[in-house]
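After this come two complexes, each holding subunit A, first together with subunit B and then together with subunit C.
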Partner chain A sequence: MTNTDSLKPAERGFVEFWRAADGHVLNGRDPGLAAARRSAIERFAEVGLPPEKSEAWKYTNIRRLVEAWAGTDPVAEGPDPGPVDGLFLVPGDAWRVVMVNGRFDEARSALAGLPSGVTVASIAEGASSRPEVFARSFGATRPEGADGFVALNTAFAQSGLFVHVPRGTQLGRPIEILFLSGSERRGFVQPRVLFVADEGSSARIVENWRSFGEGAVFTNAVSEFLVARDAAVDHVRIVDEHASSVHVHYLQARQLGSSTFSTVSFVFGGGTVRSDAYLLPDAEHCETHLNGFYFARGSAQVDNHTLVDHARPNCESNELYKGILDGQATGVFNGKVLVRQDAQKTNAYQSNKSVVLSETARMFSKPELEIYADDVKCSHGATTGRLDDDAFFYLRARGIPPAKARLLLLQAFSGDVFETVRDEALRERLLARLEALLYA
Partner chain B sequence: MSTTGTDFLQQVADSDYKYGFVTDIDADTAPKGLTEDTVRLISSKRNEPDWMLEWRLKAFRHFQSLQASDAYPGWAHLRYEIPDFQDISYYSAPNRKPKYESIDEVDPKLIDTFNRLGIPLHEQKLLAGVAVDVVMDSVSVATTFKEELARHGVIFCSFGEAIERHPDLVRRYMGSVVPYTDNFYAALNSAVFSDGSFCYIPAGVRCPMELSTYFRINEAGTGQFERTLIIAEEGSYVSYLEGCTAPKRDENQLHAAVVEIYAHKSAEVKYSTVQNWYPGDADGRGGVFNFVTKRGLCAGDDAKISWTQLETGSAVTWKYPSVILKGDRSVGEFYSVAFTKGRQQADTGTKMIHLGRDTRSTIISKGISAGRSQNAYRGLVRVNKGAENARNFSQCDSMLLGDRCGAHTFPYLEINNPTAQVEHEATTSKVGEDQIFYCQQRGISEQDAIKLIVNGFCKEILAKLPMEFAVEAQKLLAIELEGSVG
Partner chain C sequence: MLEIKNLHARIEESGTEILKGIDLVIRPGEVHAIMGPNGSGKSTLASVLAGREGYEVTDGSVTFDRKDLLELEPDERAREGLFLAFQYPVELPGVSMSNFLRQAVNSVRAHRGEDELSSVDFLRTMKEKAAYVQLDPSLKQRSVNEGFSGGEKKRNEIFQMAMLEPRLAILDETDSGLDIDALRIVADGVNRLRSRDRSFLVITHYQRLLNYIVPDFVHVLVGGRIVKSGGRELALHLEEQGYDWIREEAVGA
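Our next item is the complex of A and B:
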């Protein structure tokens, strides 16, 4: 293992902490998991945190933020979150999972009636109860050249969540995972999710990220999705955390033949929310939907980074990100569609639209296409602007008060992202949350 | 007539002697390597004043500090070996000895290309490096041009001559748009630039001709570290064309040019480039590295700068002609066609920096990739806080001719003002089979059909070029397309 002397202080802190714990006290004694942790910390020591001004982190100085958490326990357990019932977003029938600071809280979860063969457990438990599934899935979505955060998460992730839907199983109800992050002072948490949908299965997953407690929390989370042949996974992610929080999230999905993966993220609150989505349709005839909505105000920063890596022919992807920026907020969108040489007959679309409401808000957009195959249809677009004065005037002329007119226009602007949420009751909850934010 | 003609051409060819450049017989070429002494040598060989040497040295020290801190610009979507800056000779006295005695000695393939481009015979000779013995109308044309320009007060000369004769203008404007600290290659160019062009249009003057026309006759041996400075005073207008449609062989692998345009209130500058340097052999060996910094400053209100480029040559192109829209209501435009084939790599685009109120910019970029080439558009649109009501429209279309090439788009949009309206669109596709089929049905061969379709794809850009170049540019594209499709 590399000598820690050559590392910068931010990296050294993590590596030394890991060594002190020697890896083995973390997350059980599964030898495969232990080996993965060991190589992950070595990789982290080698790659480190993103350097300042690196292209992928051009507008978010993440190193400075990590340094602000120096000396804190990198897998803090934190205080008890208290009652959680009011925090769930999916109304009615749903299986509920509660994760407190990255740890599976079985007592607070409600999983009665899961179809037989479906596993919902901590990662260590999953590794021992489903060793075959775990061995072929854990870390199998790692994209080339990923920066150090994923390795850091792999090295430290405590407990985590393992969900396995076996072949041909259709989950009739959504699974809502409530991620609670909190601490008394400063906390650093590293939640990890491994989701495996086997051949011909289908599932709906809702990730609901919330804060509790007074302290500022740095979250470094990884969610891995393996979607096998003919499987369909529908994923919704909502981040609504405290303004003092820093949230770094990696969504990594790998799809096999004729599968469908849909993901939509909503960022309603948080200090710095950085989301990286790496989607790899890794066989023919995959369908990929990647959507997002972000609202930021105050001094919040929302940074969305996406890569759709078309490696195989005959796949289709759609990407739409929309955002509203107010106050002194900063929005960043960096989306890339990569079409590799063999990925002929790819159809890929990407779009990013932002509305800037205040004089001081900023938006940085970088929609990229990188294309190495010729028989493809790819396009992308980006727009940034303020609300249309004419449309506003039209509504005002019909007696609609300014605040209401503004709300209507913003709802109309963001509507198509909300439409991608299939669960109507959940969509209503999300629209209500947007209204509360905009009317505030 | 023919005698005077020969004399004149000789004069044109030797013009740098006339302006006082010394050719030391003992040391025509500086030894390879780059040190402070090299910079001093270049400056003294060119009889430059002290202030010029000082400026070069400052740039050189900055370049050294960049090298020491490993600040080589590696962000572009390009793969090449970083040039060894100590393995380059930074000064060689202008060589005016013709390579050939007669046009018959020139490679017939080259002559064929010239003919197909429609380049007149005397220009062919100049371009191929043939000793010129018969000169026709071009002489009188060149002379007339000179007189005409002088009558309007337009200064158009080599950079060296400008340093000697118009030091105040050079000192005031050089580095004001592209400071030597701007980037790695701008620092290198500022330290060792060989020569280049200087152009000054006085207030209210509409330059009576496309400076391109003049340039084509006079352009020879501009060297690998070219520097161009164009100053347009209030209310003036100039159209300037650099480069040539004709293929140009050059043994210098590294070209690092700097172009600065300074547009005062209500001035308009239209700058067009046709670049067709040696792209290297079929495996990508040799070939020119074209690392250029081009930037215009709309310093005054209502100024306008427009860049049009046709890039077909060079092994590696790294070039972002930019406009800083400082004056209120100023306008920036960028129209580009980049065609790559073989193993060529291009990373090119523009930057539009909106500072003033009601500024507008338009970006239209067409990339065509064939063979095993990589063609990337990289562009920045930045709207700063004070830039009320800025407007930008960008469109980047790519066309792929083959399944081994790449087309990439990297647009950056940085918006710091809510009144901005910024739009970006891009598409990537291949030549439509139905389009080819349509043409073939009407008796047009597949190859001609592709030429037609590609020309149609680029038409709106080529139409922006000065007229005679637009015609040649179309032919050039057609020739480039041959052998890269089908």
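Our next item is the complex of A and C:
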């Protein structure tokens, strides 16, 4: 194990906490998981947190934010969240999972009637009950490795969530995962999800991230998806946390042949919300949809980082991110589509559009296409602008008051991202949330 | 109903004065036409009356139903019963016609102390009024003006007017870009909406429209002033003679 003397204070603090907790709190009964944690903390000690002024973290000074949580116990359980019933977003029939500070809360979850063979459990339990699935999946979504945050998450993740949908199984209802993060003073939580959809299966997953309690919470979360041949996974992620929170999230998805993975994120609330999506269509004829909506006001910051890594031929990806910034908020979009040399006949589209409502809000957008194959169709683009004055006047000239006119235009602007939510009842809930945020 | 007194207005950005003292009184039920060459200030007058940004009124007054119109916000003017049919209707991608009209109609109704229309009544009214200007009822699912032809956009303006039932409608070059059939449809729609207590201000470059929407009064705007007023025969005269004789007369006077 690395000598901690050479580490910077922030990294050293984590390594020391890890050593103190090693063996009893973290590992459950599974030697494979223990080994993964050990190599993860070593990797974290080696790569550390992203350096200041790194290109990938240009606009979000994440080291300073982590340092503000120095000394916070990253394995503390935190307080009880109390009743959770009103917090779910998917109306009607759904399987419900509650995660409190990264721990699977089985008592609060409702999983009756899951088809046989489907596993929804903590990662520690999944690792021992489905060792062959765990061994081929855990940490397998990003072969080239991510930055230090993912390693940190692997080293510390508390129980986490393991979902396995076996071959040919269609989950008729969505699974909503309610992630509650809270503390009395300061919390540092590292939820982890491993989702494995085997050949020909299908599933809908909704991640619903919420805060509770008075304290400020730093979340470092990782959601991994393995989508096997002919499987279809539909994923919606909503972040609606307190303004004091910092939320760093890694979505990593690896797709096999002829599979479909659709993901859309909605950022409605949070202090700093950094989302890093890495999508790897790793076999032919994959279909990938990556969409996002972000709203930020006050001094909030929303930073979306995406990489669609086309490594194989005949795949298609569509990416659309849209956002609204008000107050002194900052938005960042850094989206890259990489088409490797073997990925002939790739169709890849990317677009980012933002509306800035105030003089002081800012948007930094950097769409990137990097193409090494010669027979592909790709496009990308980004625009940032204000609300259209002519459109605004047109609505007002029909008697519509300014706040309502603004709402109509912003709803129209955002509409196509919300349209990607296939569950109509959920979409209505999300649109209602948007309206509440914009029409206060 | 509308009383414009000595109205002066300039473009805010450049400071160029466009309206140089307009006087006009419109009584309930009257149709007034304003004609004039390009650049005479016709569209500026429409914009100032509707409350578009970018213009500054430097002198004069406008009262609408005894209220100071210039003090009102654009949406307040509309709720008070003023309607502007735009020369260039704006496309609103993602805003459906039905949502747009529902918001507009209900804003106006609430202001008049009327209840919101039920969905059934609203859709029935939409269907009925769309027929005034031969618009396809399936338009309710479409985005406002998006992908509409030039003629459809103009018909859509009149359709909106029919839905909102204004007290005073200003038609800003509604005839521009219309072929003769579309012009007839638009004019029929307008004529259907004429009533004893609804007035119109029809702004046009050509008298052609006035063959179909027959005005009670015709005013000629040149250089930011009304230089001549008369009955509909004045429009016919302008059609034959052009604007030059009026310019000369105005200079001579």
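The definition used in the following text is that the second predicted complex is superposed on the first by the 435 of 440 C-alpha atoms of A that agree within 3 Å, B and C clash if a C-alpha of one lies under 4 Å from a C-alpha of the other, contacts with A are read in each partner's own complex, and residues count from 1 in each chain.
Keep this in mind: a residue touches a chain if its C-beta (ideal position, glycine included) is under 8 Å from a C-beta of that chain, and two chains touch if they have at least 3 such contacts.
Worth saying up front: this structure is predicted, and the values here are computed from it rather than measured.
> Going by the contact rule set out at the top, does A:Asp5 touch subunit B (first), subunit C (second), both, or neither?
Neither: A:Asp5 stays clear of subunit B and subunit C.
> Under the stated touch criterion, which partner chain does A:Glu132 make contact with: subunit B (first), subunit C (second), both, or neither?
neither
> Which partner does A:Ala391 reach: the first (subunit B), the second (subunit C), both, or neither?
A:Ala391: touches subunit C, not subunit B.
> See if subunit A has more residues touched by subunit B or by subunit C, and give me that chain.
Here the partner covering more residues of subunit A is B.
> Under the definition above, what is the set of subunit B residues touching subunit A in their complex?
75, 77, 385, 398, 400-430
> In their complex, what parts of subunit A are in touch with subunit B?
55, 341, 344, 354, 356-359, 361-386
> Would you mind writing out the residues of subunit A in touch with subunit C in their complex?
Those residues of subunit A that touch subunit C are 388-391, 393-402, 404-405, 408-409, 411-413, 415-416.
> In the complex of these two chains, what residues of subunit C are touching subunit A?
50-53, 73-75, 77-79, 83-84, 86, 89-95, 99-100, 103-104, 107-108, 111, 143, 160, 164
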